[in-house]
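Two complexes come next, and they have one chain in common, chain A, joined by chain B in the first and chain C in the second.
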Partner chain A sequence: MNKVNKIPADKVLIQVQDLSFSYGSVKAVKNITMDIARNAVTALIGPSGCGKTTFLRCFNRMHDLYTGNHYEGRVVMEGTDVLGKGVDLTELRAGTGMVFQKPTPFPMSVFDNVAYGLKLKGIRNRTELSDRVEAVLKHAALWEEVKDRLKEGASGLSGGQQQRLVIARALAVEPKVILFDEPTSALDPISTSKIEELIFQLKQEVTVIIVTHNMQQAARISDYTAFMYVGELIEFDETDVIFTNPNVKLTEEYITGRFG
Partner chain B sequence: MNTLTKRKIQNKVALSLSVLAAAIGLFWLFFILWDVFRHGLSFITPDLFTKDPVPPGFEGGGLRNAFVGQMLITLVAMVIGIPIGVLGGTFLSEYGRHSKLGRFISTLSDIMVSVPSIVIGTFVYAIMVKPIGHFNGWAGGVALAIIMIPVVIRTTEDMMSLVPWSLREAAFALGAPYYKVITQVVYRGAATGIFTGILLSIARVAGETAPLLFTSFNNSFFTTNLNDSTPSLTVTIFQYAMGPYDDWHGMAWAAALVITVAILFITIAGRLLIKWRYRS
Partner chain C sequence: MRHQEAEYTELRSQIAEMGNAVSRMVNESVKSLVERDDGLARDVIQRDDKIDHMDVEIDEHCLKIFALYEPKAIDLRFIIAATRIIVDLERIGDHCVDICKEVLKLNKVPRVKPYIDLPRMGELAAKMVVDSVNNYLERDAEGSLELIRRDDEVDHLNNQILRELVTYLVEDLRKNQAVFSLMLVAKGLERIADYTTNIAENVYFMVSGDIIRHIPLKEKEDEAHTGN
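Here is the complex of A and B:
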């Protein structure tokens, strides 16, 4: 296994140390050790069932919602192990946005969707709310499309707009990390490129970890790429290296479409 | 005969049978509606709603007492039944999803739906009438609430389970605690369905007679005092229809018409709501 660690220590936001995760007795993530760089996009690639989504969901401990799951190892973010016992999950998740495969707008208005996380944080002031909603919608390049329908139900937006709305909702609470779980696999090419562009810009203020099945997408938007296979981290390196000159044969075979 | 012709014939037979079955069901429904309208409509007068019953042999009078009593008893049932039903359904859909206790309660609640309502009437008689020594409106309300609860539990649980898990996860991912996920996201997503379930459960209990016979019984006088026997439309219909006087029969028809129309209205409102919800 290749554990290339070229990321300089001062650029590291999260250190994954010997992380394993099991659903009951099934070990889905096996002894992963890697660093996640601050203000960069890290892509997780690999064939279906390789554990990349499972791995992603360890960062905000989504697995804790279900019983019978078990973590081993550490995920250290800014000095604290997020898998530790005393960690406040609400706080952890509020600082770690997540965007899912299918858009998940809440059954409320466009405005209320974006304001949701802010209200959770206790922001009640109307002007502050609307200022921040507007700013974040502009940031997500959605403002022009929705500024006249802020009061309308979010379910009326198109799939791509919904996905950008959900990204805006995650951005609104100013998280340190945003986790993307195949955010464009349910979208058309135009919406996909808008979201890719957005993710690419996002890294100026947040750290992005993205699971994707789309090789070109990983190549286009990510700075680092991790290739996973049956729960193991096979190779992790700068995206350019992974895609042009991988060290492991398995990586090369996957990238070139010989399996998976 | 080739397979295709055979399939087409099978299809036609199945279709005819199901249309026939639907027609038979609808026939009786419309027959009943028509009969109730035919007999009851001429007795619908302002007096029916504004006057109380007069002693047998006297002309006139109405059923104001029964309308008011019915509303009071139903109101008591709603105040008890809706919160318990909605909270119970919430528990089953959210907290008790994979627990043995949850499954046990869910099964129990389903059995409760099919318990004969007269059994519930006698049960409430035993705990709320016998110990007190006289019939009372509260007992009627409680009996109706007991019938309502499993209906509301079932619809609430079903409607909340329809809200996709990804939506809950998205709310959790923003750092929402579970109670906020439920009240702000899941309830919103399931609101129309839950509300419809509540409406249908009201319609279900508003037409019950048996559970009231042993509990609130009946009263020929106007009363808002639920500590005493309280009149209701259904028990009044029962008594008037059995009575020997023609104008009693007429008023029973009128009351039957009013309650049928009211329940029909509530049910249709519930259905329209679902339709409106799923169109938008």
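Here is the complex of A and C:
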């Protein structure tokens, strides 16, 4: 049922080829083939339990943190299969940042949260660290709000600020991809709109894959949308096609709220 | 029933009601001409306020649906089509008013000719109004293409009437007032049929997602058959 991929070859960053993923005997992602466009936002939508978060977590191999999991197929990013045995997972996850539903700042200061990844990359020079932290916080549209509180604990920030701090932390190590797993579902509408604006701008430098339950959000910020149902990719197309004239009846039923 | 469905059902009823009211105006405009009935012509003119009111009411209803439910896909096209169709229906109502104003002038002077083609044209136009709205309610894309084809017949009648009226004018210049009024009546009916083709294009868009405005009919039909 997978639809023809329309993304031109030179714009493709990741090729997902016949990807399946199982937890023990449960196959949660089934034979997905699709391309992820470079410097674009791809949204994964579908009802609860459709496998979209499981699919998202294949891109940085988050599933490897637990045992009993099994991948089939390939996820090829710039010629390398990230599911391959020789892949350095730390390097993979630095290059493929992840932002979760609830903000996950480290229990340290605002500054140190952002500097953390930079220090891991070997940047020790205080001035260079300061400059990079400031640049990244500006990039994450947070600098004006935290520039006088850099030494304070990150847990004192509001939920929306914490989420932007987490995005800044991911950006600091200059990833190619950022995965967002329902990044605004715990936020109020104003914080949500700031995060959405940020994601929209981020695509100039990174490739974004976002799981969202909020279809309006997918419609607002994404360039491509994939609709999943019981582990399968039902339809994948440009976002405006999915939301104005989808090809598959099941997609239409889901986005018009007539599902089930 | 989900509350969006109730809103869509209500919108359908509103469009059906507006379509009925407007097609009745078209029929009765022509009837007031044929029967030289000033009372009926004035009645049609007065009813235009009701059409304007329906236009605003439906427009507001569509805005409410957009704001509250953010419709998608077929629902989105259904509401968009509604907002466009009411504009066409409202303009058809305005043309009925213009026709009736000419009827009031015509009724003050002797009849210049027997009315044969004008009632025929009026009948066709009124039927096109009814059918275009029914196509919307029944989501009938094929019926909409067929309706667009019917516009040729109305155009043909209009040209025939205009040619005939010119001969009356050449024959007796004193009939110019009545002849001009009849030309305006024919032109009004022709425009009404044109508006129903706009409605048909919007219905086609609603059903298929394809915009066929500004495309010649032959290409529209080819597109419909290839599914592109």
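A few comments on the model shown:
Note that the second predicted complex is superposed on the first by the 259 of 260 C-alpha atoms of A that agree within 3 Å, B and C clash if a C-alpha of one lies under 4 Å from a C-alpha of the other, contacts with A are read in each partner's own complex, and residues count from 1 in each chain.
The criterion applied here is as follows: a contact is a pair of C-beta atoms (placed from the backbone, for glycine too) under 8 Å apart; a residue touches a chain by one contact, two chains touch by 3 or more.
Treat the numbers as computed from the prediction; the structure is a model and nothing was measured.
In the superposed model, more residues of chain A are touched by B than by the other of chain B and chain C. Once the two complexes are overlaid on the shared chain, A:Trp143 sits clear of chain B and of chain C alike. In the overlay built on the shared chain, the residue A:Ile255 is in contact with chain C alone; chain B does not reach it. Once the two complexes are laid over each other on the shared chain, residue contacts for A:Phe200 go to neither chain B nor chain C. Once the two complexes are overlaid on the shared chain, A:Glu91 sits against chain B while remaining clear of chain C.
According to the touch criterion, chain A has no shared surface contacted by chain B in one complex and chain C in the other.
Those residues of chain C that touch chain A in the shared complex are 2, 4, 70-77, 209.
Contact residues of chain A toward chain B in the complex are 60, 62, 65, 67, 90-98, 100, 102, 104, 106-108, 116-117, 120, 153, 166, 169-170, 173, 179.
Against chain C, in their complex, chain A makes its touches with residues 215-216, 219, 243-246, 251-252, 255-258. Note for the complex: chain B touches chain A at residues 98, 164, 166-177, 180, 184-185, 188-189, 280.
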